[in-house]
Every structure is written in C-alpha cells, then in structure tokens.
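Here the structure comes first, spelled out in structure tokens, and everything after it is commentary.
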Amino acid sequence: MRPSNRTPAQSRPVTITRQFTAHAEGSVLVEFGDTKVLCTASFEEGVPRFLKGQGQGWVTAEYGMLPRSTHSRMQREAARGKQSGRTQEIQRLIGRSLRAAVDMKLLGENTIVIDCDVIQADGGTRTAAITGACVALVDALNWARGKGILKTNPLKFLIAAVSVGIYKGEPICDLEYIEDSAAETDMNVVMTETGKIIEIQGTAEGEPFSHEELLSLLELAKHGIREIVDIQKASLS
Amino acid sequence: MRPSNRTPAQSRPVTITRQFTAHAEGSVLVEFGDTKVLCTASFEEGVPRFLKGQGQGWVTAEYGMLPRSTHSRMQREAARGKQSGRTQEIQRLIGRSLRAAVDMKLLGENTIVIDCDVIQADGGTRTAAITGACVALVDALNWARGKGILKTNPLKFLIAAVSVGIYKGEPICDLEYIEDSAAETDMNVVMTETGKIIEIQGTAEGEPFSHEELLSLLELAKHGIREIVDIQKASLS
Amino acid sequence: MRPSNRTPAQSRPVTITRQFTAHAEGSVLVEFGDTKVLCTASFEEGVPRFLKGQGQGWVTAEYGMLPRSTHSRMQREAARGKQSGRTQEIQRLIGRSLRAAVDMKLLGENTIVIDCDVIQADGGTRTAAITGACVALVDALNWARGKGILKTNPLKFLIAAVSVGIYKGEPICDLEYIEDSAAETDMNVVMTETGKIIEIQGTAEGEPFSHEELLSLLELAKHGIREIVDIQKASLS
Amino acid sequence: MRPSNRTPAQSRPVTITRQFTAHAEGSVLVEFGDTKVLCTASFEEGVPRFLKGQGQGWVTAEYGMLPRSTHSRMQREAARGKQSGRTQEIQRLIGRSLRAAVDMKLLGENTIVIDCDVIQADGGTRTAAITGACVALVDALNWARGKGILKTNPLKFLIAAVSVGIYKGEPICDLEYIEDSAAETDMNVVMTETGKIIEIQGTAEGEPFSHEELLSLLELAKHGIREIVDIQKASLS
Amino acid sequence: MRPSNRTPAQSRPVTITRQFTAHAEGSVLVEFGDTKVLCTASFEEGVPRFLKGQGQGWVTAEYGMLPRSTHSRMQREAARGKQSGRTQEIQRLIGRSLRAAVDMKLLGENTIVIDCDVIQADGGTRTAAITGACVALVDALNWARGKGILKTNPLKFLIAAVSVGIYKGEPICDLEYIEDSAAETDMNVVMTETGKIIEIQGTAEGEPFSHEELLSLLELAKHGIREIVDIQKASLS
Amino acid sequence: MRPSNRTPAQSRPVTITRQFTAHAEGSVLVEFGDTKVLCTASFEEGVPRFLKGQGQGWVTAEYGMLPRSTHSRMQREAARGKQSGRTQEIQRLIGRSLRAAVDMKLLGENTIVIDCDVIQADGGTRTAAITGACVALVDALNWARGKGILKTNPLKFLIAAVSVGIYKGEPICDLEYIEDSAAETDMNVVMTETGKIIEIQGTAEGEPFSHEELLSLLELAKHGIREIVDIQKASLS
C-alpha cells in the first residue's frame, strides 16, 4: 500500500497553470501533487558562441530549488557560490530532453533558456520540471511565431516525464518523497507524446534490479507519461 | 500623473497570503501590485558560532530573484557563482530590519533564517520582502511557541516597509518599476507598527534633494507604512 | 561497418594493469582500446561527517581528464576553478555504482576514495573508469583485510560497465569516439557480475528510440559486460 | 561625555594630504582623527561595455581594508576569495555618491576608478573615504583638463560625508570606533557643498528612533559636513 | 649514506618515453627513479591577447598532481576549486624556463601549452617536469615543422633541471622524497645543454647556508644536468 | 649608466619607519627609494591545525598591492576573487624567509601573521617587504616579551633582502622598475645579518647567465644586504 493510497500505476494529480508570471515568454507552474515547479521559457535572439553562424538555434536549461522548498532548509546555492552536482545533473537532463523536441534549424539563430525553480518539493521535481518546461517552451515558440520571428513551428513533438521505481518490492509510478527516499530502484523516463524514449535513467539505490523489473518500470512509465501528455495537451488547447 | 493613475500617496494593493508553501515554519507570499515575493521563515535550533553560549538567538536573511522575475532574463546567481552587490545589500537590510523586531534573549539559542525570493518584480521588491518576511517571522515564532520551544513571544513589534521617491518632481509612495527607473530620488523606509524608524535609506539618483523634500518623503512613508501594517494585522488575525 | 571493423557486438580489447602506481592501496590502469584511465582506490580511516557514529563506511569517486587526453586540449579544471557539469555527472555515477557493490556495514567506519583520471580518451571513459575502479576497489579491500583492518570482505559482487548505442541505425557495443560523436542514441549500462542492473542511462542524441531498440541495446550491453567481467576476474586471479 | 572629550557636534580633526602616492592621477590620504584612508582616482579612457557609444562617462569605486587596519586582524579578502557584503555595500555607496557629483556627458567616454583603502580604522571609514575620494576625483579631473583630454570641468559640486549617531541617548557627530560600536542609531550622510542631500542611510542598531531624533541627527550632519567641505576647499586651493 | 645507496653526485636513473599518449603533438613520460611525470606539449595557433599582432609566439605551462600520486591522498585541486600556491609557483617556473629555450620570433604567432601531470611522486617532480617538457616541446616543434607551419626551428638549446640539496650535512644531487623532506637546504637548478644557468632557486629549509655550500651545490647540479641532457639527446636521436 | 645615476653597487636610500600604524604589534613602512611597503606583524595566540599540540609556533605572510600602487591600475585581487600566481609566489617567499629567522620552539604555540601591502611600487617590492617585515617581526616579538607571553626571544638573527640583476650587460644592485623590466637576469637574495644565505632565486629573463655572472651578482647582493641590515639595526636601536 502506498502512503497516499494510490495504486501502483497511479500518478499524482498533475496541474499545469500557464502564464503564472508576467514577464517570461512562457511561464508555467506545474504541480505533481505537492511538488510545485515554476518553469519559465525565455526567448532570446542570438546563440552561444560555439553555434554562431551555423544557422541553428539552442535550447538550454537551469534548475534550482528555493532554500525552503524542502523539509529542512537547504543552503542557497548562490550564497554557497556553486551549484551542486545534483543540480547540474538535473539541469543538463532538462536541457538535453527539451533539445530533442526542437528542430534547431527551424528555430534559427535564437536561444530558449528554460528556468525550472522548485517552489515546493515532494519527490519527482526533475520529471515535473521537464513536463512543465515543455509547455512553457511551446508558449515561447508560439510567442515568437506571433511576433513573426519564427515562420514555422520548430516543435517536433511534446515531451513529458515521470519517475518510476521499486518500492517495498513493487514497481510504482510517480514517487513522492517518502517513497523516493525508501525506493530500492529509482528510474526517470522522458518520452515523446507518441511513447518513444528520449531519456531513461535507472539507478539501483539498494539492490540491483533485473531485466524483468526494468520492463515493468518501463511499462508503468509509458502509461503514466501518456496520461501526463493528455494533461499537457488539455492545458495548451 | 502616475502611470497607474494612483495618487501620490497611494500604495499599490498589498496582499499577504500565509502558508503559501508547506514546509517552512512561516511561509508568506506578499504582493505589492505586480511585485510578488515568497518569504519563508525557517526556525532552526542553535546559533552561529560567534553567538554560541551567550544565551541569545539570531535572525538572518537571504534574498534572491528568480532569473525571469524581471523583464529580461537575469543571470542566475548560483550559476554565476556569486551573489551581486545589490543582492547582498538587500539581504543585509532585510536581516538587520527584522533583528530590530526581535528580543534576542527571549528567542534563546535559536536562529530564524528568512528567505525572500522574488517570483515577479515590478519595483519595491526589498520593501515588499521586509513586509512579508515580518509576517512569516510571526508565524515561525508562533509555531515555536506552539511546540513549546519558546515560552514567551520574542516579537517586540511588527515592522513594515515602503519605498518613496521623487518622480517628475513630485514625492510619491510605493514606486513601481517604471517610476523607480525614472525617479530622481529613491528612498526606502522601514518602520515599526507605531511609526518609529528602523531604517531609512535615501539616494539621489539624479539631482541632490533638499531637507524639505526629505520631510515630504518621510511623511508619505509614514502614511503608507501605517496602511501596510493594518494589512499585516488583518492577515495575522 | 564500424570504423574499426569490429562487429556490432564486439568490444574493444580490454586490458587491466594492477599496481600501476606505487602509493595507492589499489591502482589500476584500465584500457578499452585507446581509452586509458588510471583508477586508484585510497583506503582512509573515518567517514564523512554525515555518517559519523553510524557504524558504516563510505565509497566516493572523483573523475578528471588530463588536459591533453583529448584530440584538442581541454582547459584544466583546476585552473578554471571548477569542475564541469559533465565531470560531476560522471563522478557521481562512478561513486553510486561502486557503492552498490559494497556492504557498508562490513566496511565499518572507513572510506574508500576512488580517483579516475583519463590519460587518453577515445570514447567510453566513464564505463572504462567504472570497470577499472572496481578492480582497484577489490585491491584496496584486500589490502585492508591483509592489514587486519577488515575482518570480512565487504564486496558484494564485481561490477563492470560498457557503453552501447545506435550508430548509423544499428545497435553497437563499446563505442569509440568517432562512433560516439555520431551516434543517434547513447546508453551506458552498469551491471553486476551476474548480469543484474546497477545503472542504466540512455539518451536520444538524435531521434527518440523505441522500446525494441532499447531491448537490443540492453542485450548488447549484457553480453559485453559478461566478457569484461571475465577479464576483471582473470586480472584478479 | 564622549570618550575623546569632544562636544556632541564636534568632528575629529580632518586632514587631507594630496599627492600621497606617485602614480595615480588623484591620490589623497584622508584622516578623520585616527581613521586613515588612502583614496586614489585613476583616469582611464573608455567606458564599461553597457555604456559604449552613448557619449558619456562613468565613475566607479572599490573599497578595502588592510588586514591589520583594525584592532584584531581581519582575513584578507583577496585570500578569502571574495569581498564581504559590507565591503560591497560600502563601495557601492562611494561610487553612487561620486557619480552624483559628476556630469557624465562632460566626462565623455572616460572612466574614473576610485580606490579607497583603509590604512588604519577608527570608525567612519566610509564617510572619510567619500570625503577623500572627492578630492582625489577633483585632482584626476584637473589632470585630464591639463592634458587636454577634457575641455570643460565635469564636476558639478564638491561632496563630503560624515557619520552621526545616537550614543548614550544623545545625538553626536563623527563617531569614532568606540562610540560607533555602542551607538543605538547610526547614520551616514553625504551632502553637496551647498548642503543638499546625496545619500542618507540611517539604521537603528538598538532601539527604533523617532522623527525628532532623525531631525537632530540631520542637523548635526549638515553642520559637520559644512566644516569638512571647508577643509576640502582649503586643501584644493 | 643515502637511503638508496647512491653516491652524493649520483642522480636516479632517468628514463624518457616519447609518444606516451596519442593526441598531443609532444607527449613524454619522464621518470627520475620513482618520480613519474607525463609531459605533453600542445601546439595551438594564435597567441594570448596581450601578444596579438606582435609577430611572436608564447610558451606556457600548467602543472598538476594526480590525487594519489603521493603517499597519502591529496585533495583534487579541481574539486577544491583552486590551484595551490605551490602548484602555481611550479607551473610558473616550468613556463619561464621553457620560454628561455625558444626564440619567440621564429615561433611566430603560435602558442605551445605544456601540461605536466605527476602520475607518481618521489621528490623532484618540478625538475623532472622541466626535463621531460623540454623533450615534448622539441617533438611539438618538429611536428609543426613537419606540417610546414614553422620554417625554421625556434629551439635555441635544450634545457634540463635537477634538484640538489644539503642532506645530513652533505651536498647531494637529485633528492628523492625521503631526502627532500629532511634536507636542510634545497635547490632547484635549470641549465642549458651547455651549462649556462636559466634558473636557480635555493632555499634554506633548516639552517642558512654558506657561499661555499652554494658553490658545491652548483657544481653537483652542473654535473647532474650534463648527464640528464645526454639522456634527452639519446631519446631524441 | 643607471637611470638614477647610481653606481652598479649602490642601493637606493632605504628608510624604515616603525609604528607606522596603530593597531598591529609590529607596523613598519619600508621604503627602497620610491618603493613603499607597509609591513605589519600580528601576534596571535594559537597555531594552525596542522601544528596543534606540538609545542611550536608558526610564522606566515600575505602580500598584496594596492590597485594603484603601479603605473597603470591593476585589478583588485579581492574583486577578481583570487590572488595571482605572482602574489602567491611572493607571499610564500616572505613567509619562508621569516620562518628561517625564528626559533619555533621558543615562539611556543603562537602565530605571527605578516602582511605586506605595497603602497607604491618601483621595483623590488618583495625584497623591501622581507626587509621591512623582519623589523615588524622583531617589534611583535618584543611586544610579546613585554607582555610576558614569551620568556625568551625566539629571533635567531635579522634577515634582509635585495634584488640584483644584469642590466645592459652589467651586474647592478637594487633594481628599480625601469631597470627591472629591461634586465636580462634578475635575482632576489635573502641573507642573514651575518651574510649566510636564506634564499636565492635567479632567473634568466633574456639570455642564460654564466657561473661568473652568478658570482658577481652574489657579491653585489652580499654587499647591499650588509648595508640594509645596518639600517635595520639603526632603526631598531
């Protein structure tokens, strides 16, 4: 039995609030249960130096947690003077995932900077961030098309993500913090709206896991992501 | 005429939402018009090294802006590897102001860490932060009294803050961004609920100002803060 | 056809040289073809602060590349003043993987620090590092048993790793640099000596990949790791 | 009674030594009693990037304390790897104050960098720094006029600064260290030579202060600054 | 008697292995007994900004120790976020010494970056590094001549280095770690192949030393370097 | 002919002003001609961690240049966030030299921190710093004896330093900036009051130098230091 009484395959309620803040071209508050992440997409002309003159764009992401988004206060990374390895790992994952969803030639020499800031954490912040960031990205691309900066839509497909894991011996979907911290295996999966895989990262936190367990987890992820994509689509329509 | 059609003495609508996030002992979203700041107060046992064994507590504050809280995206301080001079100046002001409101002996060897994170910026983020942080502080102190950690209430008085300035030659209260960036003089005032002064910081951005102008600004600030304190009290009751 | 004329399932020659340097308790030069990584395991008494007094040990890892291990010179991270996100991601992966192989209770309050330094890079440095580090770890544990510091062997199983990917549409094993930089999909797999999964990290560099492709890649990885484990065992006997 | 037997309104002896060092275009040792600050003004062609091509100049300031300018040795900021919040706050104040004294259009695309280094500290280092820096600035502007780089004098007026505060319940002027560390209220005031206000920063270190106390402090500051400006003028003539 | 039974004037066996790694234009493993340093020379077109347009080249060096090149593990400088004073001192010495061996006009606007990474340390790493780096430099220059980038050979002469010191009252040559850590005086000498002095750095670790002792040490160094140059020449022929 | 019309062996006028600032236990302004360095010695109880409980003391040094001590303004190291390699090299030299002059057992578990800050630079700042720091050290030791903290004087001998070099083909003593920047060879020598060598650092900036040139330079240094020691003694008596 899961602490929240959810069935193994059941995700938490997912809410997507667009235009959550005023300035960003895309601004989304995404909630996976009690996990709340503010995702903004900033459309900027120009590309980083290593891409100049190649006629293509760039998508990059940064991630942060407000110091008291967690149960006990975390040190502020800006005060500490550097981002943790975990932060860097997550923002690299978010950026890589979103780049897979964009046709860089169609984006032209423009950059979209995604910022994912965790307002409240209860497990699954990186998968919520990817899910919300994709919607913010769509809004920013539409903004640019509305402004006439982009002629065609560079979006190849929606992407969404969910965490799955083995908790008390059973594969479950969308782990909340209490499950996550006790899980034997933890896997984050990013998929396209048609169920193809963008990224899969599975870790044996406790015991190594078997091929069969991997397949069960994948199945749960595929199902969970399908539902989340539906919510993305509903929010965008 | 002010861009928002406010009268010179008129503050923007001030909203205070308590328990905005789940984990912090005090968590307040404060809004001064379109300026939105999340203020959390974390109650931690123990004090910094320089206070150990002196039987008194400590209150400190950190401040940050989400990268896209502003019109164009700001570099993330955590990625840049250090906090700007402006950030440090503001968080020192917030901490100093709140320390004035707390009896450190009654707090005992406990620390309250205030985090003020700007979700959306439209001028006056530091005065909004102080105003919201004070309410978060009250909630954290009450939490500690509820837990029996504190016997007596260490709060000496409520404090609140507002910005005033000279805009197009006329003293006005609670400047929004468009006013702030064009103001000749800019002054931030922090006062107690009874109108005594905690902090006053006035700067001639353009022309130096006269003694009389200073008095007019102070008058506006006193009036504005009185109204804001009423909103704090209403939200706390 | 692969650039090196290998068959899709064929790994590069793997060589493991123990006692490569004199001072470390475990010191291994591991070669996957032209990729050469020096892995040392340092046995240190005591544990990091967060583990003190819990009667268990710790394994951690750091990773680096010599500036001219690569085709064109990379900036030295020590001179630049920080480790890149890629470096942190890799060293977190190495540490996490090796921790899965050790019974922390049996290790007692001791720490093993793994250093993986790439002498020459030709793709697959992280999988080579994990493979070599495991052998260095075994040597360090045996050293501690020889000294009487450890009574029982804390090693739960050998682990090894290999990269797999989709190159020109076909799944292949143990990508060298030229393949890696052109691969559509790239996956790193860490397994135990009995073929259970410790870590799986798959990324669509180009097009998203299908469930079937994932299965093919896993199959290749399982086969490749089995061979690499045999080489580890031979080197240890 | 003040520790130094001064009357409440009495500043310490102020000494200004021009051409204290050889290389800077303006170089002033300013002494407020035992507080000694070396202020240099460096005239540099060109402006920071954000001002390029706008036909105007820039004035900026940096502040530091020699490690043993204080009673007990302070850590060297260069060794520590960053400037403290206090340092940044002070150098921002100095730069802002001096910018108010210069017509940036007349300065043309040139930059004046002010360095204020405290040789010996006994309270009031920031007000002494502003006072001395203004004289160094004048020397640097005159140097540039002598060289024909500037046609007209960009100086709008002299500025000077003094600290005032409430010590043992009484408002006093130009606090030395022993007074400063015990003051209930501390205020730094920067004024023009004609008594208009450039900056006012008042802080309740102990109890909040009243409107009347603020007025008394301002009166003391105005009187003190008038005397200090006379000393600046004498030194420049 | 020396711990290794060497005579006072006897250096350790010196081995020079060229083309130790594949990518660098010059790549040398140099061994002075158990001290092993990998020296690579990277030939890069262009020069640092301060030399642009002057028609001359640049040679610079960086130095590092693998964390477990030493008896007990040293903190990784990249993780610590800065290079130690010792590291900087050594890499400045290496760069300065090699610049003395190159005619910068003949090098043209090209840069050679030397990387010296200590694989295993047993005293004398900086002198071994200079000795090996010189051979790597020659290889990189020859590579550039083979490519037609350089018309004439910019090498003025070979350089080599050795440490000498006073150990148990007697001057000895090429100190190993155990001697180095007990030496009263320690001196590093860099000479040309004809015995002229490039750099001499002598330090009284214990007692100050006399003029006569300095002369004895110089004599030992001259003799030791002559032998080492012969080994450089043999390895290059 | 030297720019200053000095004879080759002639040092610049050396002035030593004790008690230059008020707070430090030893505070000396040393002048070698136009080079002016403020040297303070701070006596602190306790020793760094690596020496705790060994019954001996420590002497360490830090060095800095005020940004406008030089012809054109240098970046402030505190603002830049790190000390340059040159700074670290110099402060290591100063610390090492002064440690040679102190009996660490007699110092007991106390630390003397030397700060050398260059007020005005005209060549030879490091040798001036060592010379002045030695006098400041003596004052700090005498202070501690006066306080009864030290029973016996831990000073073994005075030390002093001078730079020598080959300028336009001729060996000269105590190079000023214009000579230093054109010298073929540059050597810094630190000696005891009886002419024994503490440190010798010679560098061929242009052509390598011969054994005979080295001897001439040493002779000049010995003579110059003898004179400087006389000035130290006069200032201390």
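To keep things simple, chains are lettered A, B, C, D, E and F as they appear, and every chain counts its residues starting from 1.
Basically, contacts are C-beta pairs under 8 Å (C-beta built on N, C-alpha and C of every residue); 3 or more make two chains touch, one makes a residue touch a chain.
Because the structure is a prediction, the values reported are computed rather than measured.
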Any chance you could name the chains that touch subunit B and subunit D both? none
Which chains, if any, touch subunit E and subunit F both? none
How much rotation, in degrees rounded to the nearest 5, is required to superimpose subunit D onto subunit E on the basis of Cα coordinates? 120
Could you tell me which chain lies farthest from subunit B when each chain's centre is the average position of its Cα atoms? E
Geometric centre distance via CA averages, subunit E-subunit A, whole Å: 50
Which whole number of Å gives the spacing of the CA centres of subunit A and subunit F? 58
Residues of subunit B that touch at least two other chains are 81-82
For a quick check of the interface rule, what order do the chains take around the ring, beginning at subunit D and passing next to subunit F? D, F, E, C, A, B
Which of the residues in subunit B end up touching subunit A in this complex? 21-24, 27, 34, 36, 38, 40, 42, 44, 62, 64, 66-73, 76-83, 87, 113, 115, 117, 119-121
Within their complex, subunit A touches subunit C through residues 82, 85-86, 88-89, 91-92, 96, 100, 187, 191-192, 196-204, 207-211, 214, 218, 222
